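Step one of this worksheet: look at the structure below.
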Amino acid sequence: MGTSVFYLVAFLSIFFSLMVIFAKNPVHSVLYLIVTFFTFTVHYILLNAQFLAVVNFIVYMGAIMVLFLFVLMLLNLNKDNEPLKSGLVKVVGIVAGCCLVVTLIGSLKATAASDPLVLQNVNLGLVKNLGKELFGPFMLPFELSSILLLTAMVGAVLLTKKEKV
Amino acid sequence: MGNITQDLQGVPLNHYIWLSAIIFTIGVIGVLTRRNAIVIFMSVELMLNAVNLLLTAFSVHSNDPSGQVFVFFIMALAAAEVAVGLSIIVMVYRNTQSTDINVLNRLKW
Amino acid sequence: MINLVWLVPLIPLLGFVINGLGRNTFSKNLIGFIGSGVILISFVISIGIFLALGSDAVKSHEIFLFDWISAGSLKIPLSFLVDPLSAIMLLIITGIGFLIHIYSIGYMHDDEGFGKFFSYLNLFIFFMLLLVLGSNYIVMFIGWEGVGLCSYLLIGFWFTNSSYAAAAKKAFVMNRIGDLGFLIAVFLIFTTFGSVEFAKVFPLAGNMLPGNSTVALITLLLFVGACGKSAQIPLFTWLPDAMAGPTPVSALIHAATMVTAGIYMIARSNVLFDLAPVVQHVIAIIGLATAVLGAVIAMTQTDIKKVLAYSTVSQLGYMFLGLGVGAYNGSFFHVITHAFFKALLFLCAGSVIHAMHHEQDMRHMGGLRKKLPVTFITMLIGTIAISGLPPFSGFFSKDEILAHVYEHNKVMWAIAVFTAFLTAFYMFRMIFLTFFGSYRGTHHAEEKIHESPSSMTFPLIVLAVLSAVGGIIGIPEALGGHHWLSGWLSPVIPHHAGAEDFATEYMLMAVSVIGVIIAIIIAYFKYVKQNHVPVADESKRSVLAEVSYHKFYIDEIYDIVIRRPLDAISGVFYRVFDKKIVDGIVNGLGWSTSEASKGVRLLQSGNVGFYIFMMVAGIISLLLYTYLSL
Amino acid sequence: MNIIITIVVTALAVLYAGLFKATKALLPLTLVGLLVALGFCVTAWDTNTIYYGMMQMNNFAIAFSSLLILGTAFIFLLTENYFAKDSENVAEYYTLILFALSGGVMMVSYTNLSMLFIGLEIMSVSSYILAGIRKNNFASNEASLKYFLMGAFSTGFLLFGITLIYGATGSFSLGAINSYLVGNYKMVSPLFYPGVILMMIGMCFKVGAAPFHFWTPDVYEGSPSLITTFMSTVVKTAAFAAFIRIFAGTFAPLHDFWMPPLMVIVCLTLFIGNVTALFQKNFKRMLAYSSISHVGYLLFSLITLTSTSNNNVLLYTAAYTFASITAFAVLILVKQKTGGDDFESFNGLGKRNPLAALALTVAMLSLAGIPLTGGFMGKYLMFLNVMNQYQIYLVAFAILNALVGFYYYLRVVVAMYFKEGADVLLETPVQYKVVLILSVIITVILGVYPSVILNLI
Amino acid sequence: MEQVLLLLIFLPLVAALITAFTGNAAKHVAMVFALASLAITAAIACQFTPDASKQFVVNLPWIQSLGINFHAGIDGISLITVLLTNVLVPIIILASYQSDYKKPASFFALILFMQAGLLVVFTAMDAFLFYIGWEAALIPIYFICAIWGGKDRVRVNMKFFVYTIGGSLFMLLGIIYLYLQNPAHNFDIQAFYQLSLDPAQQGWIFWSFFIAFAIKMPVFPFHTWQPDTYTEAPAGGTMLLSGIMLKMGIYGVIRWLLPIVPAGVQDWGTTAIVLSVIGIVYASLIAFTQKNAKRLVAYSSIAHVGLISAGIFALNTQGMQGAMIQMLSHGINVVGLFFVLDIISSRLKTNTISELGGIAKVAPKLAIAFLIIVLGTVALPGTNGFIGEFLLLMGVYQFNIWAVVFAGLTIIFGAVYMLRMYQHVMLGKTNELTIGFEDIRGTETLVLVIICALIIVLGVYPKPILHLSEASVQQLLEQVNQKLTSVK
């Protein structure tokens, strides 16, 4: 298949992410986003990052996006009733985005030719390898990220809980 | 699987950068052009994923697993952020019956 | 004896302090006694000094008291200089001062500010003595300004009258203008000669060549100072206004002593002035112009004191004319005689005013010679003296000046002689209007007129005698004298031998005497025979008379040319320049900052989309920088 | 490490205490926990322990940690009855603040970008929540959502930056990055430069430097005052320490590259912060803008990197922290009594509550940078360093801005002393008194004898 | 013996703290402390050997890592200003005895606090210490003026504060620059003196210092804060501002500007003199038509200070010595003037000249005192003002004769506006407002007697004062000239 798989998936990623931001109905956006994330999963597989592919599939597509969808439905926002920003704002936004991408890529000097990506260690992205890494050098941040999640948990409960007034 | 990764070997690193930068920018454009807080938030998720992809690519490029570990942390953050962010949006919606960010303009000047 | 000279000014100062502190508690007699007594003591000491100096071979004594100011190379001691010039001045100041103090006891008797008046007079004497005794220009300057202060205080003695207060201020300010000139001259002297001590400056100056421009500038500036103090054009207008003060003040300060300080100063600095012929010329011209101007104005004045005031201006002009032509002795001689007769005239006028209950307008007088015989006689003596009829004192001094002027410049002499005729005319006009004819006031007022008390007439008599015989100290050789004064002063003022022969001198004397007599006769016909009385203010006069009566509108011109523009500039500076421009820039900075604040805060629109847009703009620029810098 | 553990354990203990409705025990418990953490800080002095290559408790970290802990303790002292009227879940607030503090400690001690990231996010996520804890208050909602959206957005850039740096160096470790820079000084990967810039953008957002400051005024104004206090002092200090730790340490070899844009940012920050503050009628909002301007002065330390930069930042942030706490404490007092937080509410405070007025005056003088207060020493050191590089125009510009600062800081002093207000006495609770007096004392000590902390790091 | 300087500086500070808690007895407490300070000053003056050396030097380490020391000492120049401060502060406190300030404890405490700041400024030999004192003196006076001032006090004082502090920030810039140039990296004044900077640098430093000093003095065109502030401030505040505080600027020029950047002075001194001279004429002219007596005196003060500044920049002994004595004289005179105006306004509630008149009739004692003060102000020989102005004019004269011609106008103009004010306030007829004027009594008399006595004593026998500073001034000028020649 050659490298064309990558370019196909890349094209799909870009296409669906564009659909995410241009879909009028937020629910459609979420659905496009899920598709986009799926293309990302494919990218991870292409990069042999199997652990990430799985996590991405489960956490992002399975949990996070469902949460989005859930909230949208809960708040009854499934109609495309979003008051659109004026055309000018859109144009300005898009122009700004184009400038950003140009300057970003330009400043990265990414237009120059570069080495092709070579997978030197096929085990790199496997669970075992990453597990060693995670519980080795990165144990501290791994443990501390629990605080982050705990914070989020406390916060979510705190904010959405109805107070007895 | 092996085949796929073998095929990949021809893709220059730059193209990953291009891809990430473009998707990142699409996320930025989404933030800039949309008014629905949830959609904006989704655009931010798009930006984060672009970063994730790039990290993975770099990780592969430099044959270093720590990049992928970092992606894992970003995902943890994303989860936490989503939990908090959506609850904030829900809370705001309760008060304003809207998720339009333009409603939020009482604090200014 | 000479070493006790510090007592001479100190005692009046003590009198000032004692009277000043006790002005409300002491009785008037005590105040008068102290006030006059201290001057008498000073006078006695002065006589002692005078005699001691006369018998001493050394004619110049410097008495050092203490170091006053010193800064770097500038050292100014407070020290006194006793030499023939200052010794004579001491006598005049304390002598005439004493008489006027005596006179004041009577004149001011009913005034509530009696104590204050005497303390001021004593203070004046103190400063005047300081002026003449100072051994350097700075000590002289203390006295110089100090007498100005006393003049200010005494002109504004009846300060509740705001025009008197204004006159006082005017006097002070005009003097100040001159003082600035004086001060700058002192600076110049210091930088040129390295000292301000007379004893150091004059010998150094003696080595210089005439025509030195620095010295010319010095002398010019000194002359500016003298102009202010001695009421010369253009700084003379304060003197007539100064008549607002009590009459003894006019006699003492504004006739006999203070106003002659300028002449004293120039005479003292004769060494310098001799080096600057150009300036001497200027002095002569200004002196002459002042003499003419004063005389012309005096011809039409109706206020008895104003006549005398302009007469003083005119006489001072004479003295400057004399100085300008190098007749230092003559001028100084005239200072002395003028002190006698002008003090006398003022005191007589005061006596008249006293008798008339503070009426000063001659149009309301007339025929007073019977009611005020002593005053009349003494005033007549004074008038003759000032008119320059021999053998009264004025004749000799004026003639000496005229002789020198003639020698110097014939045209000037002609004008000066003419001025002398005018002097005689207006003085006799005053006498005739006051004492001759019939009384022109109300009958009721007439009954109250009576001769002044003896404390007032005594000084009149003494001064009348001095006016009559005072000329004795300077009888010229042409008339068989040997001019004692110039001999006495020769250590200070080198005697210029007159080149003129006696015949010319006789001729000059004859011209002036005859002219004066003619002028008197004209006045007699006009004011006695024809009973002419000056018209009321409102009525028509000839143009010349109108101009003269209004003092050539000089006050008005000054008002328009100087005071009003300054006030206008002041207003413009304050309201426009200071408030709008200088402060406006400062406030404008504040204002523009707050306006910027109003503008910049609009960035904070409250709109998240906008915020993010701005952030993105920032990010783009930073990335652009990165792109460009690599 | 002990420090973080203590703080987190305290947080959990507080959470459980809340569960069992032990509301009275919350504050003492928290304070004890903080004191223990502070004790650990003191004992850890000069030990310079490295934990797993992720955190390094060097003196820099300990000094800033102590400052954060002390500041948090002061803020806790101000909580009396503050949350109780909003909610019954006070314990959660305490917990969140403590979590945020633990994040802050990570931010000042990290040696790996992943630690920076985790710490930063713990702190940010807690702050998003804390900003919105007045659930029925529209302003609080708005603040929370704005903060969240923009914060998440800027996190994206920070992460992109980290990614690029990782791409260039192949490591997240500060040491490795630094040695890469030193080793490849002439041929640093082109990925690195935008990475630095994007990280700078992310950090500038966190500390609130223009043009990434827009969230600051709105969030500070909308959040509950106490939370604003926390955000403007502890959060800001931690973010700045993190900023300086990586830029002054790791990225120092590229100083010539990232300094010029930072200088532009400094100028913009100073200008916008000061000039906008000038017009504010609301005291709290004015403080928000003033906090922006202080970031501008603080960034001076990054413009010139000297051996004393860290110390200077410590002094400045300490002075700023305690002055701000004082200002907010008085603001809370005033707002509780008068209901307003604009300048007029302070009218006549000099009479009604002399202690509070005096403390606020000292705080304002310190923020304005008047000698004999800590704020002056801080500003002075900043100017000194920049002058050292002869960037006189920058200092002159900063001075002009400081001048504007005098004006708005004095406005509240003017209101307190020179304007008549309602004749209501304001009671000061004991804890407030303690905080005010201690803050004033610290402010003055920092001003008169700054040597106490000047050579600490 | 060296510690006496510490006592001198810190006594007012301690006094301020004590006074702040004494309630209504504050004035007495403050007075006692002020007199104690005066006594210490007198002791110092007696112990002082009038040579050029620094005496009573205190040099304690303060913030060592930054090269900051508590380094202070007294030489002749300092002694004059210290004398000025510690003589005027008791006078000002005494002058405030009969004024009814609310919260007197704070008022007097602030005065004493300011005194401490001023003493630091006048004795500091460390630039940083100098700057601290400079600002520390500003805070109390700001509060004094803004709390007890007139109607427009808030706006006016804000301007005053921001203006003056703005100037001093630029001075801070200059100080930092010098510090960085100093190889020893400290703020020691001697080290600063020994710096050799090139003329361009000196020019910049000159302006950074000069603006601060010029605003404080104030020199045209930096003066616009001053009339408003003087008019709005309470009497005590005005006296402090005009009597002592503006001398900070003058002192600063002498101590910190001339010897450090002589080449800058050489390049820009003429500009400074021109500005000063413009200020003299300009302020005098404006004073002509002022309606408010306080404002008139304020402008007159600008004129007088302009002369002092011109005299200093003339760079010669006469000008400098004149500035020294004139600092003292101007302080005394202007305090006297403002005190008299305060007496009038406290009784009649107005300082508008046209509403007054004839007060001399009902209050002869006040009239005499006022006259003496006015005469001192217009520099009549025999009063203190003359000594100063004479020497200053002489100094300016040696710089340039045209400068003295314009500067000398102050002699004339001063007489014009001062006597005009005196005439319209004190002389003339009493009107219905002034008829009930009560003559001075109690402490008012005491204050005025002291002031008048000082005016005359200093005028008649200025030598002790001139002697105190002469050696220091000479040394300073030599230093300047030496540096100038070495630059060439």
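Going by the order they are written in, the chains are A, B, C, D and E; count residues from 1 in each one.
The rule we apply is simple: contacts are C-beta pairs under 8 Å (C-beta built on N, C-alpha and C of every residue); 3 or more make two chains touch, one makes a residue touch a chain.
Molecules present, by chain and UniProt name: A = NADH-quinone oxidoreductase subunit J; B = NADH-quinone oxidoreductase subunit K; C = NADH dehydrogenase subunit L; D = NADH-quinone oxidoreductase subunit N; E = NADH dehydrogenase subunit M.
Predicted, not measured: the structure shown is a model, and the values here were computed from it.
Shared contact partners of subunit B and subunit C (NADH dehydrogenase subunit L) comprise A, D.
Placing every chain at the mean of its C-alpha atoms, the farthest one from subunit D is found to be C.
The most distant chain from subunit E (NADH dehydrogenase subunit M) is A, comparing centres defined as mean Cα coordinates.
With centres taken as mean C-alpha coordinates, the chain found closest to the middle of all protein C-alpha atoms is E.
With each centre defined as the average position of its C-alpha atoms, the distance from subunit C (NADH dehydrogenase subunit L) to subunit D rounds to 77 Å. If you average the Cα atoms of subunit B and of subunit D, the two centres end up 28 Å apart.
For the pair subunit C (NADH dehydrogenase subunit L) and subunit E (NADH dehydrogenase subunit M), the distance between mean C-alpha positions equals 37 Å. For the pair subunit A and subunit C (NADH dehydrogenase subunit L), the distance between mean C-alpha positions equals 103 Å.
Contacts with at least two other chains are made by residues 590, 601, 604, 606, 608-609, 612-613, 616-617, 619, 623, 626, 630 of subunit C (NADH dehydrogenase subunit L). Each of the following residues of subunit B touches two or more other chains: 17, 24, 27-28, 31-32, 35, 41, 57, 59, 61, 66, 69, 73, 77, 80-81, 84, 88-89, 91, 101-102, 104, 106-108.
In subunit D, the residues that reach two or more other chains under the touch definition are 114, 117-118, 121, 125, 128-129, 132, 135-136, 146, 149, 153, 164, 190-191, 193-194, 197, 217-218, 407.
Every pair of chains meeting the touch criterion is listed here: A-B, A-C, A-D, B-C, B-D, C-D, C-E, D-E.
On subunit B, the positions that touch subunit A within their shared complex are 1-2, 4-5, 7-19, 21-30, 32-36, 38-39, 41-43, 45-46, 49, 52-53, 56-57, 59-61, 63, 65-66, 68-69, 71-73, 75-84, 86-91, 93, 99-100, 102.
Of all residues in subunit C (NADH dehydrogenase subunit L), those touching subunit B in their complex are 601-602, 604-609, 612-613, 616.
The touching residues of subunit C (NADH dehydrogenase subunit L), counted against subunit D in their complex, run 590, 593-594, 596-598, 600-601, 603-604, 606, 608, 611-612, 614-615, 617-619, 622-623, 625-626, 629-630.
Per the touch definition, subunit D reaches subunit C (NADH dehydrogenase subunit L) in the complex via residues 146, 149-150, 153-154, 157, 190, 193-194, 197-198, 200-201, 205, 211-212, 214-215, 217-218, 257, 260-261, 271-272, 275-280, 404, 407.
Those residues of subunit D lying in contact with subunit E (NADH dehydrogenase subunit M) across their complex are 365, 370-372, 376, 380-381, 383-384, 387-388, 392, 395-396, 399-400, 402-403, 406-407, 410, 414, 417-419, 449-451, 454-455.
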